[in-house]
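Can you read through this structure? Questions will come right after.
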Amino acid sequence: MEQVIANGLYLGAQYALIALGLTLIFALMNVLNFAHGQMYVLGGFITYTVYGQLGLPFVVALLASGMTLAVIGALMEKYLFRTVIKRSHREESTMLLAAATAFFFDAVILLIFGEKQRGVPKIVKGVFNTDGLIMPYDRIAVGALAIVFIAAFILYMQYSRPGRAMRALAQDRVAAQLMGVAVERYSMIGFAMGAMLAGIVGGLLVTITGVNSGIGGPISIKAFMMVMIGGAGVVGGAIAGGFILGMMESVGLTVLREYGDVTYLVIFAALMVFLSIRPNGLMGKPWG
Amino acid sequence: MTRVAKAASISAFLAVVFILVPVLIIATGRTDLYYTLTSVALLSIASAGVWLTFFIGRINIGQGAYALMGGYVSAILVVNYGVSFWLTLPLAGLFCAAASILIGYPILRLRGVYFAMVTLVLTEVARLLALALPITNGAKGMVSIPLPGALSIFGVTIIPNFAGMQSPRLAFYLLAVTMMVLCFAAMYRLVNSRIGKLCQSLQQNEELASSIGVNIAYLRVIAYAISSFFGGVAGAIFAAISQSIYPSSFTVTDSINFMLNCFFGGLGYVFGPMLGTLVLYFGWDLLFQTGKFQLLIYSTLMIVLMLFLPNGLLSLGDLLRKRGSNNG
Amino acid sequence: MVDLLQVSGLTKRFGGLVAVNNVSFTVREKEILAVIGPNGAGKSTLFKLIASFLRPTSGEVLFKGERISDLAPHIAARKGIVRTFQETTIFKNMSVRENVIIAHHLRSKANLLGFFLGTKLAKADEQAFGTSADEILEFLGLSAISSEIAKNLPHGHLRALGIAIGLATNPTILLLDEPFAGMNHDETMKAVAMVRRLRERGLTVLLVEHDMPAVMKISDRIVVINFGEKIAEGTPAEIQSNAKVIEAYLGSEDEAIGL
Amino acid sequence: MKTISNMSRRVMLGVMGAAMLAAMPAAGFAENAKLKIGFVGVTSGPAAAWGTSNVRSMETLAAWYNELGGVKIGEVTYDLDIVTFDDQKDPKRAIAGMEKMAQEGIHYVVGPNVDDGAAAVRPVAEANGIIYFPYAFPKSLYEKPASNAVLGMIANYQSGPAIYKYLMENKGVKKVAFVAANESDPLSQRDGGVAAAKALGLEVVAQNDTYQNDTRDFSPVLTPIVALKPDLLVLSGVAPANAPLLIRAARELGYEGLISTETAQDAKVLEEGAGELANGFISVGGASTPEIASDRMKEFVERYTKMFGEYNDESNTKVYALDYILETLKASPAALDNVEEFKKAMDTFSAPNPYLKGDAKLTYVGSTSFGQKRQVAVPMVVNEYKDGAFETLFVGTVD
């Protein structure tokens, strides 16, 4: 059972980090970024190239992933989403734009990096092993790093000037504007940060699970689920959602294995029932 | 539009889909277009359902679930119980509508991305159920489903046996297009009747709608049931064409595509989903020549169109009209 | 006068917070009754409880002697108790006339299928709604703008449209949520006159309001709440001289009471 | 000024376009007639690796043949033209793809890559006289009354028993555990594998464990299975992308038994994804292992690598389909536009297998499994992964 909980915690930490970027973008702009998973994949491939192929230190690779994605995110906000939000009658239209950018990323990634599953050398070798609890050191390292990034993100949002501005923006766009927050500027920064988080988590996880050009879509969907569990647009919710989903998968796959192929059926059904009872997730704003 | 102009454009449309298209296909020998257009017609029926849920203010990414369900209902009835395909068609739709009432009643309380998300999960639930339930034949799918038989009423054969035809492709095309015309006619009537206004009232403000005495829960469920009915019918016909159905016949990707069709055509226009499906599905097919750059070009065009026409292709007409009146 | 609406022992808790605490009063037929109170006194919650948009923790609301507290809002509306909204809540992408026509929903004789098929009954309904909508717009002085899209209207017209929507449901009692908020003096005077005319149409009006001078002018009786509790009830004159009320408002908005 | 420069640019572009159009036929060496061979399968999305290795094998071979002056069938020499269609793993699209092939007058198509697609295209293929080579295992595709599908590789119900038997006899395997993705193809393959293992008298300790295909971390799935301490862990129908992740997770959880699969895998992917943890992993491959590969196979690998930058070991299996089509056509030129002739030829067809050392033959098999010859006789090469490459464990045959 310790193993199951350890698996769940590790999974939760990485899920939470994936969900953070998505929820940030959603909170600031009400955009459900379908391309989040593709950004993660791109981050993974950049780390693969810099660390795995060019042989530069892992930290450099991780920075490269984060920075590249931040720039891409900023450009996307400025030239795509801002325009469409301004000109569209219904804000759901951004979903089509997000989906189209997801396809675009898919195509570009496939053309540049090919169709094969890619991996990099381990960042830390060896396995931690005591009485039935087994955890490779690289997983521990990645899990810890993920938690560090989450903590840094929370502190940044809480105490830095841009962080506070973004929180005001998330709470009430109009009020924030009246209070003198540069809405456009912080929307762009927020989008860039969300994309950067996706890139960083992609770079982190490529060391454990590798990367593959086609997994962006499924990762986005999983991230949506975590965000919904916790409540859309709430940082705490994304973290809670990530850990809950991680734990449910870990425990479910062990407890329900006798019954065959039902673990995910149960998880999904539970999610539907849960949301029917709590329509805004654990701690979401009413009207996502 | 005046009544005359309306009648004229409707008859022109009917003439194009029922006469001109088959004639052109026969003249040019491009018989592969029958299937492409059949797909467009069927997918646009399913997309029309999604459009209807947009019309009451809900983002629906769950239509794939009902298409899959409809396909299985029809396939199971035809294969296991020997029911005529023609009877299973409405039954598949009704089954989906009934299921959607049960599912929709609790989840339609959700709004925005939450509803979108739950419906997305629903698609996956449908796939997993199709894998797990014994009646669906699980992972092995249902194959060798017979083609639709003859339909006769009072001894008069209305539709001949598909299996006996030289090419069932034309027959499937006509069937799909007929269903599409019926479906969009019903939608058009719905949207332009008082019910349409009621649905719009839901989309624009549920609280106010409720305060003027509209039973919002009931109306939402009704709209969702009609939407799912469309999905089920489309799925059933697809199962008949491919003579097989698998848990993966309709997936999350399909659900997302249905939604995109609606966006692309325009959420503010009844015929948006039809045009959106035509352009997106056909567009992909036309780009077939570009090989490995297909997806790149497709997605780039989509982004560009989105930037210039964020309210859908049909908003182009409005834009031109506005520009014309400004200049005049 | 007959008691139309009885509010008895109404209480609403949100978690640990008591928003409305054991409030009781009655509304008589064809009177204008105002509920006032300082900011955050629980007026809005009370209003939602009466209109069945919230369920009370305890206590109940009786309408013509029948409990309506746990009914869905549309059922309450069907019984004749209809609210308008504090914010400018309208169907923003419809024209003014369409807004009013759609609000005739409760008067439909045809059902949904009938409207779909366009039966005789449905056509008669449509006809009747149109006529009635025009009459209501005329009554509220909105005829000139009946084909404007609602979201383009100025503030004052929106408020009037909200009332027009309320009227279209043919209510017995109309609940107005801050009908004078954000209006200047002239607009308020017009609105006061309009509310008076509502009563002349035979309606009972219950309003929740901030604007003291207007309330003093318009109301037959006033209920004052503070911190979720009723602290006074009476005619405008009685309220103006009530020590508790003055105390409640002191320091915050003394001039607002009109002293 | 601006207008003029714009105009001149437009004129330039126009001229260049026209020149290119004019140059095209000349550049095409259009002396030979064209023979179009189709491909309908998945070349994008998470399963892109399957179809991509198909397409690239075909394109490499076609370029090779064209370079050598074309393929002579009957009296005519043809240049090969590979027409590909990405069905995105969607059976509805697969039908459209097959329709397109019919429209192009193509009678021989490779693909689709999955069960649902292969089943969905059947009506179109049969109505339009198209022989197709799916990489999908359902028997109903190949048994009568179906007649136009030819299984392009070894089915898991053929290779599974052989592998399990070998491992029983040589490695003392007694307890087997199965794990599969929760999708049609892997689940069907798992069911086949479980039945085969039971028939051999093996103890199946886990047969219900599944994972979502989008799983990236397999520790939770494998934790309970590893605790059962099986001797052999079978990854049924595992996608090449998932195989290294599963292997790595199992090993890191302390699993010490054998791991095998019945589908083709890629050595490079295993090396990057699992490194030395993948050593000893058993899979079914084609014939590129040095022990058995002929010079032609080596040259194929070389050309493929040159054309696409990197070889994919799955192509060992997928190189065969196009050669089978061409060789059978050579043996029966009338089949060029009459697939009935092709079917007749299949019963007696035989040609040397150019990719294997020794005197192996290309023939059609499948009588035992399907009751008619509807499978290519790809050698059943069972590989063991070791330090970045495959080694041949044993070679079997299918009849």
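Letters A, B, C and D mark the chains in the order given here, with residues in each chain numbered from 1 onward.
We take it that contacts are C-beta pairs under 8 Å (C-beta built on N, C-alpha and C of every residue); 3 or more make two chains touch, one makes a residue touch a chain.
Computed from a predicted model, the values in this text were never measured in an experiment.
Distance between Cα centroids is largest for the pairing of chain C with D.
Looking at A-B alongside B-D, one finds more C-beta pairs in contact between the chains of A-B. Rounded to whole angstrom, the centroid-to-centroid distance between chain A and chain B, based on C-alpha atoms, equals 32 Å.
The geometric centre of chain A is 34 Å away from that of chain D, both derived from CA atoms.
For the pair chain C and chain D, the distance between C-alpha centroids works out to 71 Å. Touching two or more other chains at once is no residue of chain C. Residue numbers of chain B whose C-beta contacts span two or more other chains: 128, 131, 253, 292, 295.
Across the assembly, chain D contributes residues 43-44, 182, 187 that each touch 2 or more other chains. Pairwise, the chains that touch each other are A-B, A-D, B-C, B-D. For chain D in complex with chain B, the touching residues are 43-44, 84-86, 88-92, 95-96, 99-100, 102-103, 114-116, 119-124, 127, 138, 140, 182-188, 191. Those residues of chain D lying in contact with chain A across their complex are 43-49, 52, 182, 187, 206, 208-214, 216-217, 219-221, 223-224, 240-242, 244-245, 252-254, 266, 268-269, 272-275, 309-310, 312.
Across the complex, chain B is touched by residues 26, 32, 80, 83-84, 87-90, 92-93, 95-97, 99-101, 103-104, 106-108, 110-111, 217, 221, 224-225, 227-228, 232, 260-262, 264-265, 268-269, 271-273, 275-276, 279-281, 284, 287-288 of chain A.
Those residues of chain C that touch chain B in the complex are listed here as 51, 53, 72-74, 77-78, 82-85, 89-94, 98, 101-103, 105-106, 108, 112, 115-116, 118, 122, 125-126, 165-166, 168-169.
Taken in their complex, chain A has these residues touching chain D: 3-4, 7-8, 10-11, 14, 52, 106-107, 110, 114-122, 127, 129, 134, 136, 139, 205, 208-210, 212-215, 217-219, 221-222, 249-250, 253-254, 257-261, 263-264.
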